[in-house]
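Everything on this sheet refers to the single structure shown next.
We call the chains A, B, C, D and E, going by the order they appear; numbering starts again at 1 in every chain.
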Amino acid sequence: METKYISQSGIEQWFDAIVTSGKRVFAPVNSRGQVDFKPVKKLSEVADEYIQTTQSIKASVYPKAEVLFSYEKVNGKVNLTDFDPESVPETVLWKVHPCDAAGFKPLSAIFNWDTTDKLHNAHLAKTSVISFSCSAADESCFCTSVNGSPGNTAGSDIQLTMLPDGGAIVEILSPKGEALVALSPSVFVADKGEKKEKYLVDLPVRFNLEEVNAKLNKAFNSTVWKEQSERCLGCGACAFVCPTCACFDIQEDAHGSKGRRIRCWDACGFALFTLHTSGHNPREHQSQRWRQRILHKFFYMPERLSVVGCTGCGRCSRACPVDMNILEHITSIAKQ
Amino acid sequence: MSSNTDFEPKIIAFVCNWCTYAGADLTGTSRLKYATNVKIVRFPCTGRIDFLLLLKSFAQGADGVIVSGCHPNDCHYTSGNFHARRRWIAFRSVLDLMGVDIRRIQYSWVSAAEGSKWADLVNNTVADIRALGPYAEYQKVADYLEKEGYNEEA
Amino acid sequence: MSEQNTYLPYLMTIEKVIKEAPGVKTYRLKFQDEAEAEAFEFKAGQFGEYSAFGEGESTFCIASSPTRKGYIECTFRDTGRVTSGLASLEEGSTMGFRGPYGNVFPMEEWKGKNLLFIAGGIALPPMRCVIWNALDLRENFKDITIIYGAKTVNDLVYKSELKEWSDRPDVKMVTTVDPGGENADWKGEIGFVPTIVEKVAPSAENTIAIVCGPPIMIKFTFPVLEKLGFKDDQIYTTLENRMKCGVGKCGRCNVGKLYICKDGPVFSKEELNLIPAEEY
Amino acid sequence: MSKIGVFICHCGENISATVDVERVAREIGGMEGVAHAIDYKYMCSDPGQTFIKEAVKKYGLDGVVVGACSPRMHEPTFRRACAEAGLNPYLCEMANLREHCSWVHEKSEETTEKAIDLVKMLVEKVKKNKPLDSIKVPVTKKALVIGGGIAGIQASLDIANTGHKVILVERDPSIGGHMSQLSETFPTLDCSQCILTPRMVEVAQHPNIKLYTYAELESLEGFIGNFKAKIRLKAKSVNYSTCTGCGACIQKCPVKKIPSEFNAGLGTRTAIYVPFPQAVPNKPVIDRVNCNYYKRGACKICEKTCQVGSIEWDKEDEIITEEVGAVVLATGFDVKGTDFFPEYGYGQYKDVLTGLQFERLASASGPTFGEIRRPSDGAVPKKIVFIACAGSRDPAKGIPYCSKICCMYTAKHAMLYQHKVHDGESTVFYMDIRAGGKNYEEFVRRAIEEDTVNYVRGRVARVYEKNGKLIVKGVDTLLGGEQVEIEADMVVLATAGVANCGSEQLAQKLHVSYDPYHFFAEAHPKLKPVETNTAGIYLAGACQAPKDIPETVGMASGAAVKVAALFSNDELVREPVVAVVNRLAPPLYSTCVGCFMCETACPYNAIEHEEIKGRDGSLIRNSARVNQGLCQGCGTCVAFCRSKSIDIQGYTNEQVYAEVMSLLND
Amino acid sequence: MKKLRERAAELLSQGVVSLVLGYEEGTKRPRPLFCRNSVNAEKLIFDSRCIHNLAVYITKKELVGKERFAVTAPISTLRSIMQLFVENQLNEEKLLVLTVDLNGELREFTTFDEIAAYVAQFELKRGEREQELLSKIEGMTREERWKFWMEEMSHCFKCYACRSACPLCYCSKCVVEVNRPQWINPWPAPLANMEWHINRAMHMVGRCTACGACGDACPIGIPIDLITRKMMEDMAPEFGYIPGQPAKQGNALSTWKLDDREQFIR
């Protein structure tokens, strides 16, 4: 790990160099009144002045829908065409928030804790993450409560901390990061000794994770789930904007003799997610599904995968149509 | 309008059993000739025809769709065609709002006695769709998983 | 070697189709690739994801015994899009299979014990795998009792095997149908499975009970076994939660900390007590 | 479901002339799930059907597609063949390669490819077919006959004589219809009334026939075997149970100048009247439109005259309901009036008559007691011109069809005239003489040769009055289009036969189809001439198209046999093409959430509310259920159901979806 | 508001109802509140910021239970309640509807007719946002509309918040969950999303009361409420109903008139 300084013009030059290298660059863009990651060619397209993109960058390593493999039926036989990792283009994610970058770890834990996931890993291998530390936050942010921070470098290949002069402190965190720096080495100059922490937003810790974990251990039969989930509509908005939610469905797209098997996002909040063919539904009520969501992220995952399934990005709270504020709910559980 | 002389539109016709299917039978019995582009799917009644089937037809590569049944008051089931008519009024409105090319859906009433009308309907619809060209705008997005990006098909 | 795609199925040829009961079929599947066939191993209790190309995947256990090499068998009921797609295949058709997945029955630990198999309806397949496994290694076990019940005589699956088992001197075989489900030729018991268990079950002493069946049957059989003196570590069952991936990722079968597809589907009653009963 | 057998028919050369049937069979044979595919000269023939039956057994087929003619033609044939081979008949479908392909396209690559696609579609559909069992519904063994002309009379008698009850409904005060208005009938010249009136009386006296005259069908609900007919009994103002039919009231009625309908306007009648002396029932009704009492509130002379007190002034229309199992439509026809013809004076010349008016003049019971006299002055016409095809076969007049009876009755009229007025001179303008029928041609020849009727082939352009004479201007096309001008005393127009007024509304009430001229449509022009598209409703006589008496009587007997056949079983076996609301195992029960929007969509009131209750008897939800007896299988509810909880057997969502998906797949 | 709180507390403490569905202050704006005791009634608010359509909850048996309950309803919610009555989903004896009228007076309704009489005073109009966006869309060519919606649809990830937020989407199994046949592909993809939204609009014909809940719920800001709103506006004159005032019987698509417009039918 190495720390450098880059000037405002240096950033522009470097960005152009990345684009010119042929890599796809995804960055937050403000359009349709929302800020979200989109392919960009120019630095000027990148959005400023926002707290959080609506969606996380999860889709870059776990697309909404992707082809697991395709097949063709010929004379009663079936020919399979495997997913080709080479089909995934080199991608650079620009201006990722630390809470998003931190989401890669729990996401990969889910995909690889047992058998490995070829598709996810192929995307991961081809993706470089340039995160920007956070100088602002809103009332939904709580990364500091879930082992994160506005300057958390976990999951990032490079992290930039913007300075008042338009330049930035550059933390080069991985070989992938070094390779990106190498695209335009001259713009990176010696670190000026600025303290990164000075430029980070101050975000107080809102709850104690261990305490929450301990409470959840005994909370399965608590009435809190019913109370909290009453207004929950059972949509998948929270899951789909979440950087770590990985529930998926496997579906068939068949056209005559050809077809492909597709993996697409699913959500544990959907009423029919666990419905058995027999008609029995183990998680019949919304309260059970809400409990699953919270327990999975804050209890099962730490226990099973040794990682918290929440990065404190606050997207679910912002996206929820009925203000199911996760921070509020977790805080109230911690206080129980 | 570009002339697509080589373009053979694929057209699917959803017809009711009692009037238009029988009308098309009469076209045959009368040996009237028409274009081969149209393939008929038989329904008991226009009231049975699900709007989703029309959408699916376009996704499957149809360039045009014919929906035809009994004239008002002639429905074998009294009112299936009236229900269908309302459904199509609403459907056209929604499709038009969404920018789907509603010129590609031809609605018609063809009775069991109108063999020649059926032939004309087919021929005119084929000519209309040929003039409009292939419905590439719709078909090209049929297989897309994303508009662009991670998994785009070649 | 490049990374394996977990979701890519083996291609299997349907070698044999057996019509078991109305809507229920057994397929014997052979690997199309010799090398895959060679490398493939599984143990009793495991399951797989079976594909009908064009319709999707469905989860069932491997119904044949690991002692029978060269093929696997599955038994399924035509209930949904995939199973009806599978049911429409014929001998010689190609289908897909991923697996084996999940844990296994601890047959090794059961050596020297009596085995009591209790199955209901379409839940015999997971049991059949263990039964044949035990019968093929008959010397490892003491008394073997099989209690199998279905709604009607028609709904009994593996009819020829039921006969084979009951004809064996080293197996105590009891079949039963729900009251009203019998026909004129029926010679077995009439009554619900839990009732019959109470009537014919062997002593709990040195016995392992393996129970497979619909939730309602399991719910009423457990207390009967307890009453007969079975301890929680003497009772085994398999769970049939909804699954999609089979490898602990998709999130459907997550119950408590466990993934039924990884930590199950085989559970002793002792282990079951650790996960919330309402969620399976 | 995927051992499908496909059988491609050459239909002689009807299909194979334009479609490469071998290629169709070959390509379909390579389709997934097709176990057997062959082509054969005539699939519907015995050997053809045997191929199917044998293949079903040999290959263990679980689905059959026959690529042949229209399923409307042979679907029952092939389904029966499958059933005989032990395959559920509803696992058999037909691809229409003849009417929808070979007959409408030229021989070409595209035609064959279309044929392949059509078969492919049905193969994909049949893969999703499910075995179905016929639905049995009870049959009410009582028929409703609408119309009391010769067709209705014959049908009623024939049905009644098989031992079944008949309700005969007649709009007018008497049965008899047009036939009772005729003088003599061709080709025998026997007196119409002489042969008809005994039948009329038989109807009135038949123990199995209930006659409602002066009545109309109000509405018809239900379906084959189970109709509910509402019949409006128009107020007759006369109590028939007490009226003796003495006729004194008619004598005394002061309103005497009402044009007589029976006499086609040539005579008059009173306000309280019997339409004609031989009427059945022979009891009067009061025509409230013309009656002084109803018009002005005073008169009541008939009441004073009536010795049995049968006049019922305050009687109102009564609506009765009859449950019937079948309906015979015998509402007959009408003729165009002279006012339809501007070129012949818009009906203003009193001596330009319709054929029906001439019948009344020639009839012994007519206004002139059978003497041919001019309406204008009562003189015996010495020169008559008959104009055939007045309106008929004239697309410009909107009547392109031939009215069929005019050639014959015109010959009859001319003949009758010659017989009655020996020094008279008659001329017939005609387009063609259509005298197909037993002894018909001979009859016309007799008119020309023995009775010296002058036949001129040509159209009449104009008729106008000049000096009290009618000048008929036409051409004689046999004389090279020479202008002909004839001075006539009377002109008789063989006006076109048209659908009876109100037939369109009646068809709509009954849900039967009708043609552009409002004649009721038969189910098949050749093979189902007496059936309509609505099961249980049959046609008799000229309501289907103009026809003469023998043909009408034959058709009426045909309809009667259809009814009798229906009534020969206690249960009717119906096609199981009906809607079904899904039912699932608890705890789901059904995906229907009971919004009951399908209820308003259903034209047959077949949607019922079912309370789904849990094991403890508590209400879980209301769910829709389809009454299979009422459901006619239109499927409107299916397309309407948002959650796809209703499906229709035979055209299930899976079936039609598979058809569509297969059709455009390449 | 004070009256509402008092009345709610009274209804709950007297056991008239077991639940008052209302609004409380939320993180950024008011949110739904399930008020089950009179103490919580203090949290109730009711003002122009309360836009959630609470009618979405009243068809959920596990939430409203078997007892009588009350719901506080602004006009848009009242309209949905009316439509739910028409669709046989509500029981007049179980439901008490509370609203605050223009004069700040608390109003209570128990029947369809009472609500209908009240709602009849209010005309359903486009808001500023709807007006702006709809006139923009109406001004587009067909090709432009297709591009516009395809772009919007490519963002949809099928979280079904639109469906979940809609009071009239109460089916226990939605058509997208039906897989025999698979009418609409369940994965998020531009065309599959488009099909879903066209389907949703068609299912709303004659039913949608333009409450805007679907558009409001969409986490990625697709103006999907405009689809159903525009459809509703277009169909109202076509089928002769007043937008936002559900008719007591039937539905635009399950009924018909002899003279329905058919100039598009050849």
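Before moving on, here are some points about what is shown:
The rule we apply is simple: contacts are C-beta pairs under 8 Å (C-beta built on N, C-alpha and C of every residue); 3 or more make two chains touch, one makes a residue touch a chain.
Keep in mind it's a predicted model, so treat the numbers as computed, not measured.
With chains reduced to the mean position of their C-alpha atoms, the one farthest from chain C is D. Here B is the chain whose Cα centre lies closest to the centre of all protein Cα atoms.
C-beta contact counts were set side by side for A-D and A-E; A-E has more. Comparing the centres of all chains, each the average of its CA atoms, the largest separation from chain E belongs to D. A separation of 64 Å divides the Cα centre of chain C from that of chain D. Rounded to whole angstrom units, the spacing between the C-alpha centres of chain A and chain C is 39.
For this pair, chain A with chain B, the centres built from the Cα atoms lie 45 Å apart.
Chain geometry summary: the mean Cα position of chain B and that of chain C are 50 Å apart.
In chain C, the residues that reach two or more other chains under the touch definition are 80. Shared interface positions of chain E, defined as residues touching 2 or more other chains, are 173, 175, 180, 182-183, 187, 189, 253-255. Counting partner chains per residue, chain D has residues 588, 601, 640, 653, 657, 661, 665-666 touching two or more of them. By the document's touch criterion, interfaces exist between A-B, A-C, A-D, A-E, B-D, B-E, C-D, C-E, D-E.
Listing the residues of chain E that touch chain D in their complex gives 87-89, 170-175, 178, 180-181, 183, 203, 249-251, 253-255.
Every residue of chain B that touches chain E in the complex is listed here, in rising order: 51-52, 55-56, 59, 72-73, 79, 82-83, 85-101, 106-109, 121, 124, 137-138, 141-142, 144-148. Only residues 73, 75-76, 255-257, 278-281 of chain A touch chain D when the two sit together in their complex. Contact residues of chain A toward chain B in the complex are 24, 39, 59-60, 63-67, 88, 123, 253, 255, 262. Residues 1-3, 33, 127 of chain D are the ones touching chain C in the complex.
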